[in-house]
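Across the two complexes that follow, chain A remains constant while its partner is chain B and subsequently chain C.
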Partner chain A sequence: MSKKIGDVILDLQNISLRFGGVKALIDISFDVREHEIRAIIGPNGAGKSSMLNVINGVYHPQEGKILFRGEERKRMHPHMAAAQGISRTFQNIALFKGMSVLDNIMTGRNLKMKSNLLLQAIWWGPARNEELEHRAKVEEIIDFLEIQHIRKTPVGRLPYGLQKRVDLGRALAMEPQILLLDEPMAGMNVEEKQDMCRFILDVNDQFGTTIVLIEHDMSVVMDLSDRVVVLDYGQKIGDGDPDEVRSSPEVIKAYLGVGH
Partner chain B sequence: MAFFLETLIGGLMAGMLYSLVALGFVLIYKASGVFNFAQGAMVLFAALAMARFSEWTNAALGGDSLILANVIAFVGAGVVMFIVAWLIERLALRNLVNQEGATLLMATLGIAYVLEGVGQTLFGSEIYKIDVGMPKDPVMMLENVFEGGILINKEDFYAALIAAVLVALLWVFFQKTSTGRALRAVADDHQAALSVGIPLNRIWVIVWCVAGVAALVAGIIWGSKLGVQFSLATVALRALPVVILGGLTSVPGAILGGLIIGVGEKLSEVYIGPYVGGGIEIWFAYMLALIFLLFRPQGLFGEKIIDRV
Partner chain C sequence: MSGEADSLSLDGMDTFPRLLFSHARNRPAAPAMREKNLGIWQTWSWGDVGEQVRALACGLAVLGFRRGDNLAIIGDNRPHLYMMMTVAQCLGGVPVPLYQDAVSAEMLFVMQDAGIRFAVVEDQEQVDKLLEIMDQVDTLEHIVYADPRGMRHYTQTFLHDIRELMEMGRVHDRNHPDFLDIEVDQGRHDDVSVMLYTSGTTGKPKGVCQTHGAFIAAARGGMQVDKLTGDGDILSYLPMAWVGDHLFSFAQSLVAGFTINCPESAETVMTDLREIGPTYYFAPPRNFEGLLTQVMIRMEDAGAIKQKLFHHFMAVAKRCGGDILDGKAVGAADRLQYWLGNILIYAPLRNVLGMSRIKVAYTAGAAIGPDLFRFYRSIGINLKQLYGQTETCAYVCLQPDGQVKSDTVGAPAPGVEIRIADNGEVLVKGAMLLKEYYKRPDATAESINADGYFMTGDAGFLDADGHLKIIDRAKDVGKLSNGSVFAPNYIENKLKFFQHIKEVVCFGHDRDMVCAFINIDVGAVGNWAERRGIAYSGYTDLAGKAEVLELIRECIEQVNADLVHDTMVADSQIHRFLVLHKELDPDDDELTRTRKVRRNFVAEKYGVLIDALYGGKDSQFIETEVKFEDGRRGKVSADLKIVGAKTFPIVKRAA
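Now for the complex of A and B:
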C-alpha cells in the first residue's frame, strides 16, 4: 500500500444497540484511520446499516463510546454530524426529487453558507460572491462526477445509476472528512459499478477523504478497501485487510459460505 | 365597457385576498410536503390576537393613537404566532419526522381544532372588529375615459397591494436564499435533509412562523372586512380551490389562481348569473377546481408529478 494512511480519526468502542428486545449490534469495536477506505460487510441483517446510522447519529447506542478525533462524542443528531464533517449517501436513494441536479448538490453547501439572509435575498455584495464561490465548487464536483449534461434536470427523472451519482455528489459538496456510503453499488449494472468504483477511489485519492462503505459485492469490497470489518448477527467476526478477512475461517463460514 | 372593467377590477382585488390565504397553504406544503388543514384556524387565531391586542392597547393608550396601538398589536400578534409555531414544532411535528404524509395531515387536522378552541378560550368568542384605519370609502377613477368612471373600493385596493408585496417577498425568500433552498429540501426528503446538515426542527419553526405571519396579514385584512368571528376559519375553504388551481408548490401559482377565481366568480355572476338564476359565485370556484383536478391535477404551476416505476 503506497497510500499515506494517517491516525485513527473515528474510534468506536464496545458499541451495543438494541431496538426493544432485538439486539442489532453487540459489543462492537473498531476504528477508522484517516485517508483509508474502510468497508463494513456482512450478510443481510448483520447490522451494517445500523452501524452506519450510529456513526451518522441517526441511532444512539445504549452502550459504548464513540471517539471522533480523540474526543468523546455526546448524543448527537444527524445534522450535527453533518456540521462536524460526516456526510453520507443512502441505500435507497434519498434525493430532493423536485429539485435539479445542481440544486441538489448545492444543498450540500448549505452549511457552509454564512452570509446574511437579507443580503442573499437581494443578491448583493458578500452574499453574491459567496453564492458564486459555492457554485464554482459545485460545478467542480459536477465535472468530477461527469454529470454536466444533466445539471438542470430534475433528479426524479434520472435513471437509478445517475441518481446514485448525484447522491454521492451532494455528499461530496459538503467536503466531508468522513464519507459514509451505504451500498453505493446496489442495483447497478457492471458498467455503472465500474464507474462508481473509479469515483470512490478518486475521491479517496484526490481529496484524501476517509471513506466508510457498506457493500454486498465481494469483489468490489476486496478491490476497494484498505481494511474490512465483518459483522454477523450484530457481532464482529472479522477485522483486517482484505486478504486476512478472506482467509479467516469464521468469515468464510458466515458470509462467503463453505466451499466458496 | 366601464361596467365590465369595474367587475374585472373588483374580481382581481377579491382574488388577491383569496391568494393571501392560499399562500399559507403553499408555504407549508412547499416546506414540509404537508397540506396544512390548520391554516384557517391560524387565520382566525391571528385575527383574534390582533383584534384583542389592538383593543387592549388602544384602551391603555387612552384612544389617542390608533396607529401606535395597531403597530403594538401587530407586533404582539406576530409574537403570538411565533409561539404558536414553536409549540406546534415542539409538541407535534418533532415527533413525526420521517413519517408518512397522511400522518402529518392528520396532525394538522388536530392542530386546527386545538387552535380554534384555545384561540376562543384566550381571546373570547364574541365578534370583534379590527380597525387598522383602512379607508372604507370607494373612489371614482378614469372619469375622463369612461362616462361615469369606474368605482373602486379603496380598502380592497390597499389589501391587494399589501398581498402583492407579501408575495414578492416570499418568492425571493424561497428562490434566492439558502434558507429557502433548505426549506424546499426538507419538503422533499427529511432524512436526506438531515444528512446534509439541515436542522429540521429549526426549519419547521421558521416555516410555520412565516405561514403564521401570512395568516396574520390575511386575518387582519379579512377581519377588517368581515369582522373577527369564528366563521373566519372557513375563509380557508374559499382558498382551497385557489391552491388546486395554482398548484400546491407554487407561490406565483397561488396568486394567479386567486386572481382567476376572483375574476371568474365576479364575471360569471354578472354575465351568466341572470340566465341561471344567480348564485354562481358560491360554487364557481369549486367547479373550476374540479375541472382542474380532472385534467391537470398538479395545477397551473405545480411540480409535475413524476414517478419512475
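Now for the complex of A and C:
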C-alpha cells in the first residue's frame, strides 16, 4: 500500500514548556505532515503527554511557535483546537460512563451542531433534522469501528478495550484533520491491540486523517508509524523513520536499551 | 393471500427463478428482504429483488458465467448473497454456499472439488481468504464482493464490486432484453439448484446436489403443515451453507413469499431478534438453551417478589401450558391461573426473548432436552422439532400442531416415506432426496439402497402414533461389555440440559462402565461462582475448582437417578467423570462447524484421559495445543481431577 504523505500541516518550532522550575519540554522542534502517522515515544516523564497537551492547547509553551497549516497559532484553548479540526483520545478514558455508546459518540458531534440550545432542547424543526444527519454520521462510525452490538449499552458496563474503541469513535465523530491518540493501546490484551492497530491504520487510510500518537508498545509504534520523535527528559533525542530511530545510538541508550 | 396460493398452483412455477419473478410481477411492493444497515432496517421489495437479480444475472453472464458453472457464495446472511443464489440458478448454474467462518485452508477443498470459477463474497475478509488460496485453485477466475469497505487498494482486475456487476448487467439487459428470459426458460425442475457440502464429521466433505424440485417439494410440504403465508417474517442468521437456512430462508421464502430479515452482525442477533419479532424462527437447541440460561441468570438477580411470581407461574405453565397450546382439555382454575400468568410473566418473557409474534419456531440439528422443550411450549411459544439431513433438504419428519411430543421428532412429512431397517437404521424416500453427491457416484450408491431409500445413518423407531423417535447415530450406538445398549448422545443430551454443562462426551462402548468428559458453561458457572465468592482467572482455573466439580457431580447423579427408570439404558449410568481443561472448539477440530462433537477425534486426542478414567487414577496431567482465532497457537495444561459419581441400583420392573 502506498499512501501520499503531503505537506507539513503542523510545525512546532523551538517549544519550551516550564512548570515553575520544572522544565517539561526544552527547545523541541518537529513537524507533522498531512496523512502521516507520527509517533512520540520516550520513557516515563519524558514529556510526551505534555507535548500532546501543547498541540491541543491545554498547555501554553513559554517559548516557541506553533504553525498550523502555515499560520502561527496564537494562545489558544482546547475548544479552539477542536474547532480547527484537532481531536484527541485520553490515556485514562474520559467518557460519560452512564451514557450509551451512541450518546457518547454523539457528544463528539456537538461542535458541529448549528441550531440553538432551545431548539435542541425541544427537538423541533431544524434541530431535529440536524440531529438525524449527525446520527447518520455517528452510525457510519459505529459501523466503521464494528461496535453495532453495543450501540445502546452504557459505556461503564463495557470492557476496557471496547471503551477505548468508543473513545476513538468520539474523537472521530468530529471528523478531525489531526487525531491525537494518547496511549491508545495501554492496558489492552494482544487481540484488542491488534484490533486497535487495524482501526488506526484504517482511519489514516480511509479518511486520510493525520495521526499523532503516544505509545509505549514499541512493536506497535514501529509497525504503525511513518516517522517517530523520541523525547527524553524534555529533550528531543531522535527524529526519523522507525528504522533510523531504532538504530540511533542515543535512542538505544535512553529508551530502547539493551536486553531490557 | 389467495393470490399467492393461485400463483403457486399454476403450472410452471417449478424453479426458483420462476418463483422469484412471479412474486416480482404479482406482488412487487411486498417486502422480500430486510437488512439492518447503519442502524436502520432497509427493505427490498419483491420488485426490487426481481430487478436486482435480473441485473446481477446479466452482469454475471457478461463476466462469462455459463450454464453448469458453480458459484461459490461466502459471507454472513446478506440480501445480495441470497440474491446471488437465484442469480446463479437463472443462468443454469449452481450456487455453492460455504461456511463463512471457515479458514482458507478449509475452503480450499470445496473450492477445488466444485471447480469454482466464480465466487461472490461478502467483504474484504473473505476476499483475503480467497486470495490466499488462489494459486491452488486454478479454476478461480472472478471474485465479486458485496461490501467495498477496505477494498480501495486492491487493484486486481478479477475483483469486482457487486454494484459494478449490477451496472454491467443493466447495460447488457437494455441491449439484449430477451437474454435473461431465455436463460430462465431453459431451467427445469430436475436441474441441480444448489450444492451444500456436508460438514464432514467423517472424512472429506461431500457436495450434496439438490434439485429445484426437491427443495420446492420440501418447502411446500412444510408450508402445508405449518400453514405458512406470505406475510410472515423470518430472522435469517444461521449460516447460509447450512441446509436448514437454505430451506427456511431461501426455499420457503421464495415459495411462500414471506420476508427474510438479515441481522446487522453476528453479535447483534439478539437485539435484531427483538426488533423484528419474527413470526417464524429457527434455531439449534443450543440457542434455545442459551436464551433460557440468560433468563435464569437474570432471574437470580431479580428481587424476591419477582422471583416468587416467576417461579409460581412457571409451575402453573409447567402443569398446563403445553396442554393449552395443544388445545387439550384443561380445568377452569388452571386456565384462569394461566391467563393471569400470561399477563404477568409469559407475555413479557416472550417479549424479552423476541418471540411475541412467533407462530411457529423450530429446532433441529441435535436433540433438545425435554424440559427445555416443554419450557418454551409452556410459555406459549409453538416450538417444534423437525428431523432431516442435508441429503433430504432437512425435511423428513415434522410435528403437526396438537401432536407435539418432546421425545419424538414428529410424523413423516407430506410426501415422505419412512422405513426402519433391521439394524434399526431409519430409511427415507420422497421427492426431497438428493440427486447425487457431486462427482462421487460411489458415495451416492452407498447411501441410497436398491429400493431408492436414503440411509440416514440414524437409529430410531416409530412409536404407537407413528411418530419417529431417534435414539442416536446408528454408528455411535454401541454396547457395554455386559451387552446392554449404550447410546452416548442420549445420555449427553440429558446432561447438556443442565445450565452449568455446555458439552459432554461419554465413553462406554465395549467397556464395563460409562465415563464422561464435561465442558462447563463458563457463563453460567462463572455467575454461580461469583455469587459464592469463588475467585477464578479463566476457564481452566474455574473448571478445576473443587466446588465446581461438586456441582457437576450433583448434575450427573441426578441424571443417573433418571436413567435408572429408563430400562433400555439403565446400565449407562455415569460412574466417573472429569471436567476438561479447555472448551472443545471447532478451531481445534474437536467440534464440527455446526458444533457437533467429533467423538472419535476427541477420544483419540485425549486418549490419556480416557485411560486415566478407566484406570482408576485420581488425577491426570494433560497439556494441549490450542489454536487462537487469529491463527496463533498456544498451550493449555492442567492437572485434572477425576471424580466418581454415585450410581443407583437398577430396579427390576415389577412383573
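As a working rule, the second predicted complex is superposed on the first by the 246 of 260 C-alpha atoms of A that agree within 3 Å, B and C clash if a C-alpha of one lies under 4 Å from a C-alpha of the other, contacts with A are read in each partner's own complex, and residues count from 1 in each chain.
To be clear about the criterion, a residue touches a chain if its C-beta (ideal position, glycine included) is under 8 Å from a C-beta of that chain, and two chains touch if they have at least 3 such contacts.
Nothing here was measured: the structure is a model prediction, and the numbers come from that model.
A.B. asks: In the overlaid three-chain picture, which partner chain does A:E244 touch, first (chain B) or second (chain C), both, or neither?
C.D. replies: A:E244 contacts neither chain B nor chain C.
A.B. asks: In this superposition, which partner touches a larger number of chain A residues, chain B or chain C?
C.D. replies: The partner making contact with more of chain A's residues is B.
A.B. asks: Of the partners chain B and chain C, which touch A:M99 in the superposed model: first, second, both, neither?
C.D. replies: First partner only, chain B.
A.B. asks: Of the two partner chains, chain B (first) and chain C (second), which one does A:P154 touch, if any: first, second, both, or neither?
C.D. replies: The answer is first: A:P154 touches chain B but not chain C.
A.B. asks: Look at A:D7 in the shared chain and tell me whether it touches chain B only, chain C only, both, or neither; answer first, second, both or neither.
C.D. replies: A:D7 contacts neither chain B nor chain C.
A.B. asks: Taking the superposition as given, does A:Q194 touch the first partner, chain B, the second, chain C, both, or neither?
C.D. replies: Touch partner of A:Q194: chain C, not chain B.
A.B. asks: According to the stated criteria, A:R88 is in contact with first (chain B), second (chain C), both, or neither; which is it?
C.D. replies: Touch status of A:R88: first partner only.
A.B. asks: Looking at the overlay, what does A:E72 touch: chain B (first), chain C (second), both, or neither?
C.D. replies: In the superposition, A:E72 contacts neither chain B nor chain C.
A.B. asks: Where does A:E63 make contact in the superposed view: on chain B (first), on chain C (second), on both, or on neither?
C.D. replies: Neither partner.
A.B. asks: Give every residue of chain C touching chain A within the complex, in rising order.
C.D. replies: 37-40, 150, 152-153, 264-265, 267-268, 271, 628-630
A.B. asks: Sort out for me which residues of chain A touch chain B in the complex.
C.D. replies: Answer in residue numbers: 56, 58, 77-79, 82-83, 87-88, 90, 94-99, 103, 106-111, 113, 117, 120-123, 154, 156-157, 159-160, 170-171, 173-174.
A.B. asks: Considering only the defined contacts, which chain A positions touch chain C in the complex?
C.D. replies: Within the complex, chain A contacts chain C at residues 1, 135-136, 139-140, 142-143, 146, 148-149, 151-152, 191, 194, 202, 205-206.
A.B. asks: Quick check on the complex: what are the chain B residues that touch chain A?
C.D. replies: 172-173, 176-179, 181-182, 184-185, 187-189, 191-200, 249, 303, 306-308
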